[in-house]
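Here subunit A shows up in two complexes: once beside subunit B, once beside subunit C.
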Partner chain A sequence: MRRFIIRRVLQSILLIWAVMSLTFLLINIAPGGPDAILAQNPKLTKDQIAAIRESYGLNKPLYEQYIVWMGRIVTFDFGRSYTNPFPAVQRVFERVPNTAELGLASYLIGMLGIPIGIYAARHRGKFGDNFIRVVTVIGSCMPVWWISLMVIFILAATLRWFPQGEGQGGVLPWFVNLIIPAALLSTGTLISFTRFVRAETLEVLSQDYVRTANAKGLAAGQVNRWHVFRNSLIPVVTLLGYLLPTLVSGAIITEQIFQWPGMGRLFYQSAVSRDMPVLLCILYISTILTVLGTLLADIGYGLVDPRVRYD
Partner chain B sequence: MSQTTTQVTAGPDVQQVTSRRKSQSRGFFLSGFIRFLSAPLNVISLVVFIIITAICYSSGFIATNIVHQERDTIDFNLLTQGFQPPVGPGVGGHILGTDDLGRDLLVRVLYGGQVSITVGLLAAIFSVFVGTAMGLIAGYFGGKVDDAINAIVQIIFNVPSLFLLIILSLFFKPDILSLSIIIGFLIWPGGTRQIRGQVLSLRNREYVDAARVMGASNVRILLKHILPNVVSTMLVVAGFDIVGAMLTESGLSYLGFGISVPIPSWGNMLSDSQLFFTTAPWMVYAPAIAFFITVLCVYLIADGLRDAFDPRLRER
Partner chain C sequence: MAPLLEVRNLKTQFKSKDGVVKAVDDVSFYIDKGETLGVVGESGSGKSVTAMSILRLVQAPGKVVDGQILFEGRDLLKLDDKDMRKVRGKEIAMIFQDPMTSLNPVLTVGRQLSEPLITHLGLTKTQALKESVDLLKMVGIPNAAERVHSFPHHFSGGMRQRVMIAMALACRPKLIIADEPTTALDVTIQAQILELLEKLQAETGTAVMLITHALGVVAGMADRINVMYAGHIVETATSDELFDNPRHPYTMGLLKSIPRLDESRRGRLQPIKGSPPDLLDLPKGCPFVSRCEYALPQAEIILPQLRQVPSVTDGGRSEHWIACHSEVKMGDPPVHPAQEVA
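Showing the complex of A and B:
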């Protein structure tokens, strides 16, 4: 087990390196690289452009830039933001708590999919199951930003149940401001959990040991608790890890819609102003998070399922 | 080729085995399609999708010959008649009304559908093509090749795709083709995983051994004996890829990094119309309903295909 974890951690570090290298390559071979925007500015003289290129290290050959860049991102040093005198990493880290708050809340809401999935599986083919299925299918065919806009329109603009962004201080205003964006950000997670848990529970319900437990006269509640849930929830551990990064990438759109001052919104703003250091810093952090999610999923699966063997 | 277990003893039966397997696989395919078509919902989805696609792809013809409106032409007659665009459905000969600039909404919705569906189809074709090729090679040859392809799959799986898409769109001014290729490039590993898994169980079947004994080359075995068995998986993967690509395109367009105006796509039309939610709801409903119905149809088709072809899921 320990060897497996060590190997997976090393693999994860390699993976982060590979993703960042790929990004570096794509950005630098693409037409209109980091300095093209400077060349478009008519107010800058050639000397000034050269000086700026010098100060950002853009005049060195590509492989040298790559080595320097790699050395710097290890220490989270992405240089100064192009649009702002602060270091990129500082601007990004300021936003992390907000995104984490939103992400955690929506993760918790998404986990409601577990009981919903169990319910659907136990009532397979009945009205409840069909209803849940229809809702999940519809939910996965509509863009989340579109659902969000309709919800804002209905709840905030028409019914005025929830604030459209205003409100500060106190627990209740905080909750009221958090709940709608979090619920909408969780749509994808909720649907994934529901579907996955339903399928897993159905799989377990058809197992021989469940039939045996029923046949020997165990009460339905006990069969469910000791034979069904314990087994059907094992694979959910992997999903917990895999879905972690979707919250961050989903946050770009959700934070933009709700003007949530998090990492995703900063990413959007930086993309509009082509602020590469900030963009790359956020990409780096979300890559780490993605890889971490996969790693946790793999290790967690091994911890809860004794049937998994490592070689 | 690490696990080549050629069974010489199977020699006399080879011909018989291959022919029986072949007819069985065709039966599997046909019976799968019959199962697919026996569910009314699948048929409805397929028909509706085909109709929507056909109408959207003839948007040029419809624009000039039936509605007599052009995609980017602003209807100044509205102003002279005293209307302020956006005008509602039916005003001034505009069946679905116009957008805020006075361009015919019906033509734009149809043309936008062409763009959105094309992005979905192209991305799915690219993804399935690359994904299948990689899956076949990885599963069949195994060993180092498998490891290498798995590494690429892992790398792309761990790229935060929306972030990378946005960064790339800053450099590539996305048009239909480049956007499709980039989206396709980011989603092919899903198909590779599924197809690789299937090939792993197919490559040691008797008929593959038989073909090898008869001296068939690897390419021939892959294309003639293994590929036909994964076609159903390819179809299902393609369906869900179309859904994913269309949703991704709409998300990118919402943020302003997708297909850019004046070319309409359902995504950027929706995103442009959100300011008019209260004043001109028809601008919102037309692309929204069209987008939703199309994506829903593709989703249901893919879901139906998966149920029809995956015997394990059939009872559920």
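Showing the complex of A and C:
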């Protein structure tokens, strides 16, 4: 187990390095890379541009920039933002609590899919199950941004049940402001969990060992808890890990729509304004989260399933 | 004395889109205390469904639609769910066909053995674990005290079936239903498992209903044998009687299709021609009629009921019933020499 974790952590570091190198390369060779904004600004003279380029280290050859940049990101230093006098890391980290709040809330709402999926499986073919299946199919066919706009339009703009805009002051307004974006951000997670848990539970319900448990005369609750759910929820542990990073990336759209002051919105703004240090910093965090989520999923899988061996 | 288990006119059916499958159709039989009843038949003959019906574990869309299952005089079909769960595992335990899939992969063997002990006998976890070790010893698992903490995937198929047997014996049930307990195991292990079952039965005095598709398996073990075909019992007799004097053409066919050590090798093995009938579309008369070498005209239209026939063993006192219109014996020339099925 320890050897497995050490090996996986080393692999993860290598993976993060590869992803970041590729990202750096792509951003620098793509049209509209770091220089584009400067070059397009008619107010800047050639000398001014050269001075700015020098202050950001952009005048050096790409491989030199890369080596310097690599050395700095190890210590979480992404340099100054292009659009703002603050360090990129500081601008990103200011937004972390907001995104974490939204992400966590939506994660928790998404986990409601577990009991919903179990309910559907246990009432297979009955009204409740059919209803859940139809709603999840429709839900996964509609893009989140479209649902979000409809919800804003109906609940906030027309019915005025919920405020539009950013949450401020007091627990209740905070909660009310959080709940709608979080619920909408969670649709994907909620649907995944529901469908996944339903399928897994149905699969386990038809297993021989569930029949054995019933034949032993155990109470229904015992059978369900230890023989059905204990097995059907194993793959969910992996899903929990894999979905971790999607909350940050998924939040780009939701945060933009709800004007949520989080990392997702900052990412969008930075992309529009070609603020490369900020962009790369957010990508760095997402990459780390993705790799971490996968690692946690693999470790978690081994903890809940004794058949998994780490060698 | 009333038998331990008496099944009367059991009918279990599965509703499907294409119609009603009569998996078990009007089956009656009994098992005495401490007795071994063999149930023989090919796949789809209703053996397993009969067993599952007794424990009321038939899964939807299957349903017991009629009959009585009297266990020590109580009709199991009339018990509520809670009382039925007290019968399962405690009074009647079951051993399943595939030991590789019949144990929960994520719980230790000890934990799974403990469950019925805690549920039915009210043991504490510690007591149950101790008892589990004893049970594992009883079924011949070495290092039981350590293995009790192992997971099923640490055991081989034969060892897992031993665990299943230990689990079935845990609460000292009065009846164990063994549904093809050796089918999934290789031949040498099969013999070991059967020996173990026999030994434990002798020690505990529990009755066994041994379901199998292989006559050879029941031959040495069963006191009496039911032969099932297409949801019906077609012949029932004591083991000796059945092997010495088979009277139903289907049983004869089964016997002719297994090799015997005590006969010369000149006799060829003869498979039963044709295939079993579609349970969705059973013939009006005898279900075996289309494959039968001895069928009388009335077999096409009248379903034969079980009737007693004279026995040749135990001084003619042993029981022997067949569901057949005809009076043929093993070795009689066929009335309709069966055509080769292409």
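By definition in this document, the second predicted complex is superposed on the first by the 307 of 311 C-alpha atoms of A that agree within 3 Å, B and C clash if a C-alpha of one lies under 4 Å from a C-alpha of the other, contacts with A are read in each partner's own complex, and residues count from 1 in each chain.
What we mean here is this: a residue touches a chain if its C-beta (ideal position, glycine included) is under 8 Å from a C-beta of that chain, and two chains touch if they have at least 3 such contacts.
Given the structure is predicted, the values throughout are model-derived calculations rather than measurements.
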item: Room on subunit A for both subunit B and subunit C (clash or fit); value: fit
item: Partner chain(s) touched by A:His227 [first = subunit B, second = subunit C, both, neither]; value: second
item: Touching partner for A:Trp145 - first (subunit B), second (subunit C), both, neither; value: first
item: Following superposition on chain A: angle at subunit A, subunit B versus subunit C, Cα, nearest 10°; value: 70
item: Contacts of A:Asn84 with subunit B and subunit C, given as first, second, both or neither; value: neither
item: Between subunit B and subunit C, more extensive residue contact with subunit A; value: B
item: First (subunit B), second (subunit C), both or neither touched by A:Arg274; value: first
item: First, second, both or neither for A:Asn59, with subunit B first and subunit C second; value: neither
item: Partner chain(s) touched by A:Leu15 [first = subunit B, second = subunit C, both, neither]; value: first
item: Subunit B versus subunit C as contact partner of A:Ala215, first or second or both or neither; value: second
item: Nearest Cα pair across subunit B and subunit C, whole Å; value: 13
item: Complex contact set, residues of subunit A against subunit B; value: 15-16, 18-19, 22-23, 26-27, 30-33, 124, 137-138, 140-146, 149, 153, 157, 199, 202, 245, 248-250, 252-253, 256, 267-268, 271-272, 274, 279-280, 282-283, 286-287, 289-291, 294
item: In the complex with subunit A, residue positions of subunit C that touch it; value: 55, 57, 81, 85-90, 93-94, 96, 98, 101-107, 115-116, 119-120, 151, 153, 164, 167
item: Residue numbers on subunit A that touch subunit C, as the complex places them; value: 207-209, 211-220, 222, 226-227, 230-231, 234, 304-307
item: Subunit B residues within the subunit A interface of the complex; value: 151, 154-155, 157-164, 166-168, 170-172, 243, 247, 250-251, 254-257, 267, 270, 274, 277-278, 288, 291-292, 295-296, 299-300, 303, 316
